[in-house]
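Look at the two complexes coming up: subunit A is in both, with subunit B in one and subunit C in the other.
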Partner chain A sequence: MAKKLITTTAPGVYRIIGVDFNIGALKSAGKRYWLFVALLGIIITLGIVAWGTALANGGSVMAMRDNYPWGLWFTNYMYYVGLSAGGLIVYASVHLFGAEQFKPLSRLAVLQAGVLVMLALLGIITDMERPWRAVYMLLTPNGTSPFVYTGSAANIYMIICFVDLWVLITGFGGKKLAHRMTLIALPFAIYLHTTTAFVLSLNKSRELWNSAVMVPIFLTSATASGVALLLICAYIMQSLGVFKFASSMFRSLSTLLATVMIIDLFLLVVEILTVFWPTSSKPGHAIRFSHFFTGEYAWAFIPVLVLGFGAFALLAGRKTRHLPTVQITASIMYVVAVFFKRYSLMAMGFSTNTLGQYSSPYFPSLVEVLIALGLLAVGLMIMTLSAKVLPLQVPEDEHDEEPAALGAGVEPVVEAG
Partner chain B sequence: MRLYAGGPIFLAALAVFMLAGIFFAPSAFAGRSSTGELAFYPCTKCHPVTVDAGGNPVPPLPNGFKKHTITLEVHDTLGKDEKACLMCHDDPSRNPGMLIAPDGSLIDITGDVSRVCQRCHFEKYREWQVGVHGKNLPKCTAAGCHDPHTPSWIYVAALPPFLGSGFEVQAVGEHELFKPLAGPPVYPPVNTPLSLVVVASIGAVIGAGTLGLLIMGRSKR
Partner chain C sequence: MTRKNDSIPADATAPEGLTLSRRSFIEGLGATAGILAAGSVPAFLSATAGSATASEPTAEGDPLAPIIEEDNAVNYPGKPVKYADPAGDQKWAMVIDVKACIGCRRCVYACVKENNIGRNAGFTYIQVLEMEPGKVDLDHAKLDYAEGGDPDKWYLPVQCMQCAKPTCVYGCPVIATWKEPDGIVVIDYDKCIACRNCLVTCPYDARHFNWVEPEVPAAERNPRVPVEEKAGVVEKCTFCIQRTRNGQTTACVEACPVGARKFGDLNDPESEVSILLKTRRVWRLKEETGNEPMIWYVG
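This part shows the complex of A and B:
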């Protein structure tokens, strides 16, 4: 792809496939910016070393055994896929429901969604001891396995997110194409989260997973945690001077967050009631779930309820909902709560195996932790660099006008010689 | 007495029982003792529930506890002769009224005997605890469900006019004998190479230093 140096707008701006990459902004970045990038670089390096260790030594360096065939990578897969939902919901609400107050967030939201799904997929790749065999899933797919559907859906969803971001930045195709892309992306997002929930709920041998409410719980907790993360991300970007958002946008976002939160918590309470209600209680369900209230797994599940209801209580008050401290605290609480929820969901299938034998909680090994941290650092690195290099700020004049066609607008002047 | 399903005496008894059941329909159901605990298996009439200072049963065991034989039909898998008794009972010559709980403690024979069953039948015990198995009856044996020595036999209540009497039927079919499940396997430990620990430690120190610089830079501002 040919690169053209833009000299009319700002020095160091390169246009690649219609997107202006402001490489020059990196040169003017402060010392603390580069220190943060260096910190992420160190974590990524450790993650790569840990992955190399896993490839060289096999599964023995990981804490996953027959009782826990899935571990931290699967918790993170569910978590990242869920977090990506928030970005898309916000982006879709701009184009489908006319929620113009979220328009300044649209590019950031789509970028966040794409990066998070990418992290989820990298989690699968790094878990594989023979990652090059991943292609066999495409060549000889097992139609009864939900992994075929959720894996392919995640890949396509990631591509859709990045194409969407390109459309939003370049303005290619105008509002019409952006609207059509939303019509494709939103059902695909629902499809992705549904198939991810199916990975759990379509197992009749794991009694707590085998619940029809698993799919709506997945969708609501995905949306709630995703919107919460987007709110945190927007505040960080604003404090770094990348964006300037109206306080009304944050208020709308926190109202949306509180609404989705209470639906999510409601579904969880309904599931708990169904498990323990005397006339519906099944021994398999009740015994397994009791480990998460009073047993060894309580540390993972009780925080879901405490942090979840605590976060909702913070946002429920209309007088305090607009306060940034309240919004950020509630969002952090819910993002943490959903991580614990993902761990608990995984553990609910494995704490008691199909023979009725109990397993103590799973804790990841050093290799797994380093790989997970490395992947998180990759995501943060992309967001950190994008904040400087990519034009994530939606221009004021673009809010109401028809976006210009690709390449139009500023005429690039190629430096002579 | 024990009556095998299909036998003429059994069928006659069943017919009488069904007639009685129809007559007393509102309160008639199988599986519960009509007179309370140990109605059909009066262990405590012979077994003492207390011991004296010397550890001997009070009152003394009838006939020195000799000729006290019980035929095990299902629980014969527990062992041969006295070994089978000692799987559940404390030393029968000393204090057979005490039974052994899963944690090794002793339970009085009139106490929570179900915990003795739990030692092997832990899955059924859990089901019984949550009320799915056993119709919420308070005990496995004393309430009139299972014969503790041959648990595939269950007691059937004989309600008035047969108050105080009862008989057993074999409610559980002749299926494969129960075998307690093996415990969960012991999984191999996590292998963390020393080289990775060293590299991770160095990385953690450098990362902490970088983080410190980041925080210090902020405080200067």
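This part shows the complex of A and C:
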């Protein structure tokens, strides 16, 4: 309707390409809000300084070496890409399977998915010593490299997420277009996570990675951790008064979570059995895996099993599983477990190199940690500002659930990240 | 002592040979080439050899034809290697006698000097592994063994195998590394994006990333090999491309005090490597990966 690019619909509200940006809401934001934004700003600045140091000094300031060619950035890449799945799967189930109870979450879920994939991609860029050479990925891509597929998929997926968010907010194209976008986005989310797993599993040189079960494990871990993160976010926002959700939504979410969790754990146990069973055990596999049970890597892998099964046990209890405390605890346990799992998965390929030489666990250097924290702060900053400025709540007339009231807008996903 | 050493590679050869011939039988028709396979299905191999590469200067019935045939350029962009002559019509290969190797690491040191490997880099192109008697067991091999070597152990030098099916080249997302027509796998230092995926895909740990800027004392610098360009990119053994394309042999072959290394052209039926491959029982490291390495071991 409006020919002008920016129009004002209300005092402090600017409409750009059909989206109402409520800049005025920032003026009314409280002290706590700005304190948090300032804190994020400091962390981002530190991250930029650390990135500058890395660009100036090259790999010498990293803890990665030939035995660990990939480090924290790659763990985070897998982790963020995985987390973004959950959001999208919940959102997709609204449109494809008519799971109306998740509808209030749809905009938040899509925004979360887009921001997380963006963080994953920024992690790659900040790891490169000469980021401008990334242009060769477009100029001379090599069709036999899994990197090309996961890289392009992540970029396209990010664009799909943000376009999707725009469609959801503006209502452009109506329900039909939203439905079609989901039909594109859901398979693409699966494609993205499959290609990410391929970066590990399509390597005959690395014994423990070269397993087809890697792909389903990636998908189930991604879904479980993503749904868990969404559940945590939803609780935080509810307690801050940003949203109000029906308790039936939390019950559905935690049922979904428990189901995916147990599939995820089942696949892991099957893989462990294959590695150690006498008739299938290969010395290279068994030697490598044993470091993760009794060796120097046990701190990273044992928590995966303990937290994973612990979280499932919490949600399996019939009398207690409807309690918010139980649901939140189980979700946090699983989000942490999946991070350890990503680290362990990476370390399984690297702890013993291709010539059988063992190296002690990799711990990121200060520069690597600061870059990673800076990126996380970028993500939180976007979410914090969006919670104020963007119309994330689904309007009342679009669903039958409790009305969503944008309250005194405090940071939504702070603790969740 | 010698008897003990003798028996080891013989032990090692048996399983390798079995795997190889069984696999090539199952896969049917010599997708995997090797000495045993070449011996068992010569008729088929010469048939395909004729149709696929008529221009190859290999003689009819050459038992090495299937190996040479597979060793083709991969992802070759056709641009010249900056510091070496263009590829000739050779197919370079190396044979290492593990019975003779005494683990003195002279090849390692010669290679570091010849190829301007940063003295602070923390890696060398050649890695000599100290192996336990009785098996080819990398998981119990020792890389940092005491200088001089132990007569009760045997030694396995490993470097870039210039594979006929190089997983590193397949894995590079931007075609910054390729296989030249003479079989040498090279890296474009001006294009490498430092993703290190080739370090991950290589089964021989032959690729190394310059995490620090390589430092080479000015007096020891080899003017024929670049230094500064290697900061922040991946490098590896190139069969001393700057020497071998000028008719010289590699630095490691020159440095070996016991003559355990032989380097040469498989297209030349009279070259040492051709004769060794045809007359000796040879084996290759990690044959099961199917990378078709171009370095053979003999014991």
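What we mean here is this: the second predicted complex is superposed on the first by the 389 of 417 C-alpha atoms of A that agree within 3 Å, B and C clash if a C-alpha of one lies under 4 Å from a C-alpha of the other, contacts with A are read in each partner's own complex, and residues count from 1 in each chain.
The rule is short, and it goes like this: a contact is a pair of C-beta atoms (placed from the backbone, for glycine too) under 8 Å apart; a residue touches a chain by one contact, two chains touch by 3 or more.
Bear in mind the structure is a predicted one, so any value in this text is a computation, not a measurement.
Engineer: Contact-wise, after the overlay, does A:Asn203 reach subunit B, subunit C, both or neither (first, second, both, neither)?
Structural biologist: Once the two structures are laid over each other on A, A:Asn203 reaches subunit C alone.
Engineer: For A:Leu46 in the superposed arrangement: first (subunit B), second (subunit C), both or neither?
Structural biologist: A:Leu46 sits against subunit B, while subunit C stays out of touch.
Engineer: Touch check for A:Asp66: first (subunit B), second (subunit C), both, or neither?
Structural biologist: both
Engineer: Pick one for A:Arg133: touches subunit B only (first), subunit C only (second), both, or neither.
Structural biologist: A:Arg133 sits against subunit C, while subunit B stays out of touch.
Engineer: Is A:Leu35 in contact with subunit B, with subunit C, with both, or with neither (first, second, both, neither)?
Structural biologist: Only subunit B; A:Leu35 stays clear of subunit C.
Engineer: Could you look at A:Leu370 and tell me whether it touches subunit B, subunit C, both or neither (first, second, both, neither)?
Structural biologist: Touch status of A:Leu370: first partner only.
Engineer: Once the structures are superposed on A, label A:Gly356 by its partner contacts, choosing first (subunit B), second (subunit C), both or neither.
Structural biologist: Both: A:Gly356 reaches subunit B and subunit C.
Engineer: Figure out whether A:Ile287 sits in contact with subunit B (first) or subunit C (second), or with both, or with neither.
Structural biologist: Both partners, subunit B and subunit C.
Engineer: Regarding the shared-chain residue A:Ser145, is it in contact with subunit B (first), subunit C (second), both, or neither?
Structural biologist: second
Engineer: Both subunit B and subunit C contact which residues of subunit A?
Structural biologist: On subunit A, the overlap between the subunit B and subunit C contacts is residues 60, 62, 65-66, 283, 287, 353, 355-357.
Engineer: Would you tell me which residues of subunit B are touching subunit A in their complex?
Structural biologist: My answer: residues 122-123, 126-127, 130-133, 181, 183-185, 187-188, 190-193, 195-197, 199-200, 203, 206-207, 210-211, 213-214, 217-218.
Engineer: Residue numbers of subunit A touching subunit C in their complex, please.
Structural biologist: Per the stated touch rule, the residues are 58-60, 62, 64-66, 69-70, 128-130, 133-134, 136-137, 139-142, 144-148, 151, 199, 203-206, 283-284, 287, 349, 352-357.
Engineer: Which positions of subunit A touch subunit B when the two form their complex?
Structural biologist: Touch residues, subunit A against subunit B: 31-32, 35-36, 38-39, 42-43, 45-46, 49-50, 53, 57, 60-63, 65-67, 278, 281-283, 286-287, 353, 355-359, 365-367, 370.
Engineer: Subunit A touches which residues of subunit C in the complex?
Structural biologist: 75, 77, 122-123, 127, 129, 137-141, 143, 158, 167, 170-176, 191-197, 199-205, 208-213, 231-232, 289-290
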